[in-house]
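Letters A, B and C name the chains as they come in the text, with residue numbers starting at 1 for each one.
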Amino acid sequence: MTMAPQSTQDTSLSGIFFGIVKRDVRLAWSQGGTGTMALSFFLIAVTLFPFGVGPEPQILARIAPGVIWVVALLACLISLDRLYQADFEDGSLDDLALSPLGLTGVAAAKILAHWVSTVLPLVVISPVLGMLMNLPDGAYGTLLISLLVGTPALSLIGSMGAALTVSVRRGGVLLSLLVLPLYVPTLIFAVGAVDATAGLVDPTQPLALLGAASLLALVIGPFVSAQALRLSLE
Amino acid sequence: MVFERLSFTLDPGELLYLRGKNGSGKSTLLRLIAGYLRIHGGTLMVGDDAWWRGDAALSEALIYAGHDNALKPVLTLRENARELTRLMTGHAVGDVALADAADVFGLTGLLDQPVRYFSSGQRHRSNLMRFAYLKRPLWLMDEPTVGLDTENREALAGLMRAHLDAGGMIIAATHDPIGVEGAMIDMRDYQPKVSLEEAWL
Amino acid sequence: MHRFANPAQFNRLADRILPWAKLVLAASLVYGIYLAFLGSPPDQYQGESVRIMYVHVPAAWMAMFCYLVVAGASFTEFVWRHPLAILAGKAAAPIGATFTALALITGALWGKPTWGTYWQWDGRMTSVLVLFFLYLGYMAIWRSMDEEDKAGRAASILALVGVINLPIIKFSVEWWNTLHQPASVFRLDGPTISADMLWPLFMMAIAFKAYFVLVFLYRMKLEINRRKLSVLRMSRVTG
C-alpha cells in the first residue's frame, strides 16, 4: 500500500523530552500519584526497625546505612508498579509510542521523571532518617552521595521490570521478583561505601563501582524498557 | 497472519473505510499502519519509502485515536491537549487552535474542567478533538462514531471533509459511513485461508 | 518459517537422540556413583563428606550451563524470532532452577561439616542464590501472561538482561564477601585436585549433562504438543 508523503511541521525533541518529564512529575504528585506514597512508606518503614531490633544506639548505628538503603529500594519498588501501567490502562501508551522522540527516548524521560518525582524526595529526607537511626556523624555525606549516585540505577533497572509487567494484572509482585535480584549489586556497592566511611575507610572504590552500575543501567535501561513496552502494544 | 492479499493505495484527499464485523481485524489493520504491530511479510510504503515501526517520519505523519481515550482524569481537557501536543511536536498548542477544536465538538465550556468529571460521551469527543488541533496528514480513526449524537456526527463529518479538502488522508474503521465519500475495504474479503499457526500441526 | 523451526523435523531429531541420551545417562550415572562412593578415597582433611562434591560441583556447573541455554534461546528468539527457540528457553529453565536448588542444598549440607554452618553469606553461594531468583523470575513471567508469544518474548528480554547482570552480581557479591576456594579444576596449569577425585567428578558431570539432554528433549516435545493442542483448540473456536 502507498500513501503520499506530506510536509510536517518541525518538531523539538528536547521539548518533547522535557514535556514528558514535567507531565510525569506532575502526575506523580497529583491525586492518585505515587510520589507521596513512596515518601510516606520510606518514613514509616525505617521507623519500624528500632522497634524490631531494639533502640540500642550502637546496633542502630551499625545497621543504619543498610536499613536506609534497603527501605529506599523498597519504596522505589512500590512506586514502579505504576510507572507505565497508568499509561497502558488509559491508552496514553499508544500516544507515547507515536511520539517522534521514539519509545526509547520516551522511556528515558519517564525514568528521569520517576527519579525526580519519587526517588529524589527520598534522598532529601534520608538525613532525617539517618538521625533517627543514629547514623555516625561522618557518614551523612557519603550516604547522600551514595543515594545520589546509586538511586538512578534503581529507577533504570526498575523501569525494565515495570515495562515487562505492564500488561500483567496485579503485576506488582511479579515486578519485585524480577527486579530485586538485579538490585543486589547497587545495594552492595552503596552500603559498602557508607559502611566504609562509618569505619573511617576511603569510600572512593565502592562509590566508583556504584557509579559504574548506574551508568550501565543507563545504557541498557531505556532501550530494554522500550523493547518491553512494544510487546504490550501488540 | 491476519490478512491475505490485502492491498490498497491512499492518495492525498482520500478517505478509506475499513468494514467488517467485530474481530475481523479492522483495529488490527489500523494498529499495523500506526506501527504498533510488526508486519510479518508485507510492506507499508509512504511514497517510495518503506514505513517501519518506530520511524520518526511515521509518527510525524499520523494521528491515531483508538478505543481508549488516552485522557488523564486529573488534568483538565486543556492540559490534556497541551500534553499531547507537546508529546507529538515538542511545542505548545496554540490557544486559538485549541479553542477552535473544542468548538467543533461543543466542548468549549469544558476546556478547563478536569476530565474525571466528564461523561463517557464527552470523553470520546475530547479524544476526537485531537484530530482538529494536531495538524497531521494521515488520520487513523478506530470507531470514531460510537456514541455520537446526530449533531456531533455532523461536526465530525464536517471536520473530516475539511481535512480531505485540504489534501489530508483518513483511514477509519467503522461500519457507519457518516456521509463522507470514501473507498471501502471489506475485511471479510481478506480473511486468511491458511493460518501460519498450522506449521505447528 | 525457519528450516529448523519445523516441529515435526525437530521431533524426529529428538527421537533419534533420546535413546542415546538414556544410554549415556545410565552408564555414566552407574559408573559415576560407583566411583563417587567406592572407587575414590576420602579426603585427608574433609573425610567422607568430600563425596558431596560429586553432586554439588556438577550441579553448580549445570546451573550455569542451563542459564546459558536459556540465554542463548532468548537471544535467538529476540533477534530471529525463532519459534522453537522460545520453547527451548521455557523447557530449559525449570531444569536449570532444579540444578541450582540442588547445588544450593548440597552446598549447605557440605558446608555444615566443613565450615560448621549450613549457610554462609559467601560470595559464590550468594551469587548462585541470585541465579536461582533469576530462574524464578523467568518462569514467573512465562506464567503471568495468557498469550504465549508475548510471555515468551518478555521472558527472553528478562533472560538477556540477566546475562548482562549475572557477571556483575557475581563480581559484586564476591567482592562483598568470599570464602570459597579459588578454581581448582579449570586452571591454565592443569587441575590441582587429584585424579582419583577428578574421574568421579567428570563421570557425574557427564551423567548430569545426559540427564539434561533427556529431560530437555522430553520437555521440548511436550511444549510442541501443547502448542499443537492450543492451535487445534483455537481452530475449533474460530471455526
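FYI, contacts are C-beta pairs under 8 Å (C-beta built on N, C-alpha and C of every residue); 3 or more make two chains touch, one makes a residue touch a chain.
Keep in mind the model is a prediction, meaning the values are calculated, not measured.
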Note to self: Just to be sure I understand the contacts, which chains border both subunit C and subunit B?
What the structure shows: A
Check: Taking each chain's centre as the average of its Cα atoms, which chain lies closest to the overall Cα centroid?
Finding: A
Check: Does A-C or A-B have more contacting C-beta pairs?
Finding: A-B
Item checked: Mean-CA-position distance for subunit C and subunit B (Å) -> 49
Notebook entry, point to check: If you average the Cα atoms of subunit A and of subunit C to get two centres, how far apart are those centres in Å?
Noted result: 32
Checklist line | Distance between chain centroids, defined by C-alpha means - subunit A, subunit B (Å) | finding: 35
Notebook entry, point to check: So which stretches of subunit A touch two or more other chains?
Noted result: 234
Margin query: Residue numbers of subunit A touching subunit B in their complex, please.
Written below: 1-6, 8-9, 11-16, 19-20, 23, 27, 30-32, 89-92, 94-103, 230, 233-234
Check: Once bound in the complex, which stretches of subunit A touch subunit C?
Finding: 160, 164-165, 167-168, 171, 174, 177-178, 180-182, 184-185, 188-189, 192, 209, 213, 216, 220, 224, 227-228, 231-232, 234
Notebook entry, point to check: Of all residues in subunit B, which touch subunit A in the complex?
Noted result: 7-12, 31, 34-38, 43-47, 49, 53-54, 56-57, 59-64, 66-75, 83-84, 86-91, 135-138, 167-169
Item checked: Interface residues, subunit C side, partner subunit A - complex -> 130, 133-134, 136-137, 140-141, 144-145, 150, 153-154, 157-158, 160-162, 164-165, 168-169, 171-173, 175-176
